[in-house]
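In this document, chain identifiers A, B, C and D correspond to the written order of the chains, with residue numbering beginning at 1 in each.
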Amino acid sequence: MRQVIGLIVLLVVIAFLVSGMLQFIHPFGYPPSDIDDYIIEKAQEETASNNVVASVVFDYRGFDTLGEATILFTAVTGVLLLLRTVKRKEKNS
Amino acid sequence: MDKLLTYSPILIIAIPLAVAFLIPLISRAGGKARNALVIASLAFVEFLVIILARDIYLNGIHIYTLGAIAPDLALPGGVMVPIRIILEVDAMSIFMGIIWATVSLTAAIYSLSHMARETGQTRFYTLSLLMVAGCFGMIFTGDLFNLFVFLEITSISGAALIAFRTRFADAVEGGFKYIVISAVAGLMFLFGVGLLYAQYNSLNIGFLASVMQYSMLDKIALTLFLMSLTIKTGMVPLHMWYPDSYSVAPANITAMLVITSHACMYAVFRVCFSLYGITLGVAALGWIVVIIGLLTMFVGVTMAVFQTDVMRFMSYHAISQMGYMWLGVGVGLAVLGNPEALATYGRDAIGGGIFHILNHAMYKPLLFLTAGALYHRTATRDLNKMGGLGHNMKFTLILYIIGTLSIAGIPPLNGFASKFLIYESVYQFNPVLAVVAMLVSIITLASFTKAFQSAFTGPQLPEYKDVKEVPKPMLIGMGILAAGIIFTSIFPGLVLEHIVYPATDALINQAAYVNGIMGGIP
Amino acid sequence: MLSKIVRTAANQLILFILIFGLYVIAHGHLTPGGGFQGGAVIVSGVVMLLVAFSSKELKKSLRERTLSVMESSGALIFIGLAFAGIGIAFFYNFLVGTPIFGRIPVTGPNPGDIWTGGVIPLMNFAVGLKVVAGLSAVVLAMALFSSGEEIEE
Amino acid sequence: MMEHVPLNFPFLAAALLVGISFYILIFKRNLIKLIMGIGMLASGVNLFLVALGYRAGGNAPIYTDVPEGPMVLPVPQALTLTSIVINVAVLALMLTMVILIYRHTGNIDSKKSRILKG
């Protein structure tokens, strides 16, 4: 019985997403692009790099990449924190 | 000094980050140096937040564009679209900044002794500093994708800290639930950001608000934003993970996590008020938020009545108190449309809701820290096993009483001030809401007296005869919060006038937020 | 611990993986790639070593202490570069126009000159260092934990 | 301009991925499958983000020896790069916690390994 409900829920969600996507999203290949045209045009001169994506990642939106490097640092510290061998210093508890 | 002022938004985020990266290297010089560095950096951040707050209350919105030729150059030459990431700090964000700076400083001081006997402390302090930086980033940023990145930093560091006591199975399960919920909520938020980027090719909140046309996609994006962010604040239909995660974490981490839920609520307000503003069908949206607020209030407190675990008991109360905030701001949102209703009680409703965020951000961490103090001495969270601890834990007893009276809304203390403001304004909107809110407040008082009685009063149990008071740093931490509560109780008008109402006006006034970015161009 | 043939092959192969990873990191501002992608390539080499040699041997050569120092220093270099331009703005590309990495390329398609990109190549190295140290520490810790080993702290 | 445009296949694929991952999140009890569902949800959202940036007949936005023609939008690619790394970090943390849950409770079925009640 649960499988049937599951399939119905799945179909409803996919139908909603597909219908939303077919009617409202811009046609594939013709996006509005005023910011990106400015970046493509000015990237070489402002950030002196050929790879426009690298200039976006490290210069125009560098703060995101700082956040992302922090996320990697957090995940690594978190994993090593959880996998530490627990030798708890039992004084008086 | 003014140079420090122009850089203060970015310094508040970057200093905890830099110190967090530094701690693994410093910790080789011993625990003392590391703890001193943590407290010093958080104190300096608190100082920066205070001078930034003073400047914002004097001359309005504060902008910092990252990587531009001049820090306040929002629009590069010849283009009407903000290209880079802009930190926009208005009265509402600095209001959350003050709360977050104070609570994270107290939690750090508290953890000096609460964590003294645990292994892996270096990584613990690194993660808590990263969480501080993450939440500051969430509060100050004016960019949607940046909000998602810092939301993820806060969630990942929070999940790792919840599962800190890996020797207990329920801690790890609480952490797992938190990270699964945060991952799904973050990806839904990202889907919404993608939808907005598909239409307007920009990620800046101020610019999007100025070009918003409320198409069908924008409504889908709004539902995605609301759904994902309210999951993180523990709204009723999806709140089952909240007590599981928040009750197993160390007490000071739970205190900080409650404020991160407030930051998610702040993000909901930023999306509703600043991004979508008035022209969207606000009455319907306001009513949804009000109904969810009522539901959260009621279910939270009824579930809390028969809890035996003291931390689960407090977590359910945290959910129900969130309901008050949703109720207050939901009423304000519902009447955002007609200005005369807004003037009479709408502004007070939002003011009450935001004032309740401030009060809740003081007494709820205090209650969690007192529960942590009980755990620190009795190594158990079960109320049935505790008893008669009031005899030898005097200070904790007093602090617990202050927190309890404040959460129940007893007149002299600050809980009453904000709840009364909410009752008064919500009553004019619809009397039934105020009646339910009062009923919930009574049940809160009843359940807290029960918990107080089972933990503190009663005969002194034999095994807790030699229990000493908690060490100094924990008392200092709790003392700062209690002092904050007492100050707000004695001068509610002062706090309301100088901190809460500027934040309310900043939230209501969407045009100011947009002009901050677009530089006055309509 | 796999057979001798696999171990010697792994020893030789790690060098090529290392060179390719460094190439992807170094040319992040010219060709597709950069800190994260190059770091991931090098970490795949480390995982290959972990498969060839058991986690006990690898623990001896890749000490957990050095990995954490490498990771923290990579992160500090990255945030230091971001702080270096604080005079003008936080993430300002202060090396554009300076002889170190700052030659401005000819606008439009050009063959690509390595001494361009301002701060971007340095940031690529910092992020690459961080990704390599971080992810290999995670992989090593998981392998050691599942095999019941002691992750020295 | 609209009639000869190809049906939005990438958006269709993204919608299917998100839909299927919802099914997994709601109905699967095995924790590892739950994590795979989140991984699938993340790749669906990433595919949606990258597909937003495609421009008909566009080349990669890199000026080194690029052939003639319009360039694809660079910003969605940068966002996807960040989103992929975030997904790696979240998956690493979730898998570590599943290891610890398995070590504590001896199984990874979310029903049987449920400790917290009420």
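Just so it is clear, contacts are C-beta pairs under 8 Å (C-beta built on N, C-alpha and C of every residue); 3 or more make two chains touch, one makes a residue touch a chain.
What you see is a predicted model; the values in this text were computed from it and never measured.
Of the two chain pairs considered here, B-D and C-D, the higher C-beta contact count falls to B-D. We define each chain's centre as the mean of its Cα atoms; on that basis chain B and chain D are separated by 29 Å.
Centre-to-centre separation between chain A and chain B, using Cα means, comes to 24 Å.
Averaging Cα coordinates per chain places chain A and chain D 9 Å apart. Within chain A, residues 20, 25, 31, 33, 35-36, 39, 44, 50-51, 53, 55, 57, 59-68, 70-76, 78-80, 82-84 each touch two or more of the remaining chains. Shared contact sites, meaning residues of chain B that touch two or more other chains, fall at 17, 21, 24, 66-67, 119-120, 145, 149, 152, 156, 159-160, 163, 166, 172, 175, 198.
Taken residue by residue, chain C touches two or more other chains at 30-32, 68, 71, 75, 79, 82, 90-91, 93, 105, 108, 110, 112, 138, 142, 145, 153, whereas all remaining positions touch fewer. Chain contacts in this assembly form a complete graph, since each chain touches every other chain. Chain C contributes residues 28-32, 34, 64, 68, 71, 75, 78-79, 82, 90-91, 93, 96-97, 102-105, 107-108, 110, 112, 116-120, 123-124, 127, 130-131, 134-135, 137-138, 141-142, 144-145, 150-151, 153 to its touches with chain A in the complex. Residues 17, 20-21, 24, 66-67, 76, 79, 81, 83-85, 117-120, 123-124, 126-127, 130, 133-134, 137, 145-146, 149-150, 152-153, 156-157, 159-160, 163-164, 166-167, 172, 175, 198-202, 215-217, 220, 379 of chain B are the ones that touch chain A when the two sit in their complex. The touching residues of chain A, when paired with chain B in their complex, are 20, 23-26, 31-36, 38-39, 59-64, 66-68, 70-71, 73-75, 77-82, 84, 86-91, 93.
Per the touch definition, chain D reaches chain B in the complex via residues 18, 25, 31, 34, 38, 41-42, 45, 48-49, 52, 75-76, 79, 82-83, 86, 89-90, 93-94, 97-98, 100-101, 104-105, 113-116, 118. Chain contact summary for the complex, chain D toward chain A: residues 1-2, 5-12, 14-16, 18-20, 22-23, 26-27, 51-57, 61-64, 71, 73-75, 77-79, 81-82, 85-86, 88-90, 92-93, 96-97, 99-100.
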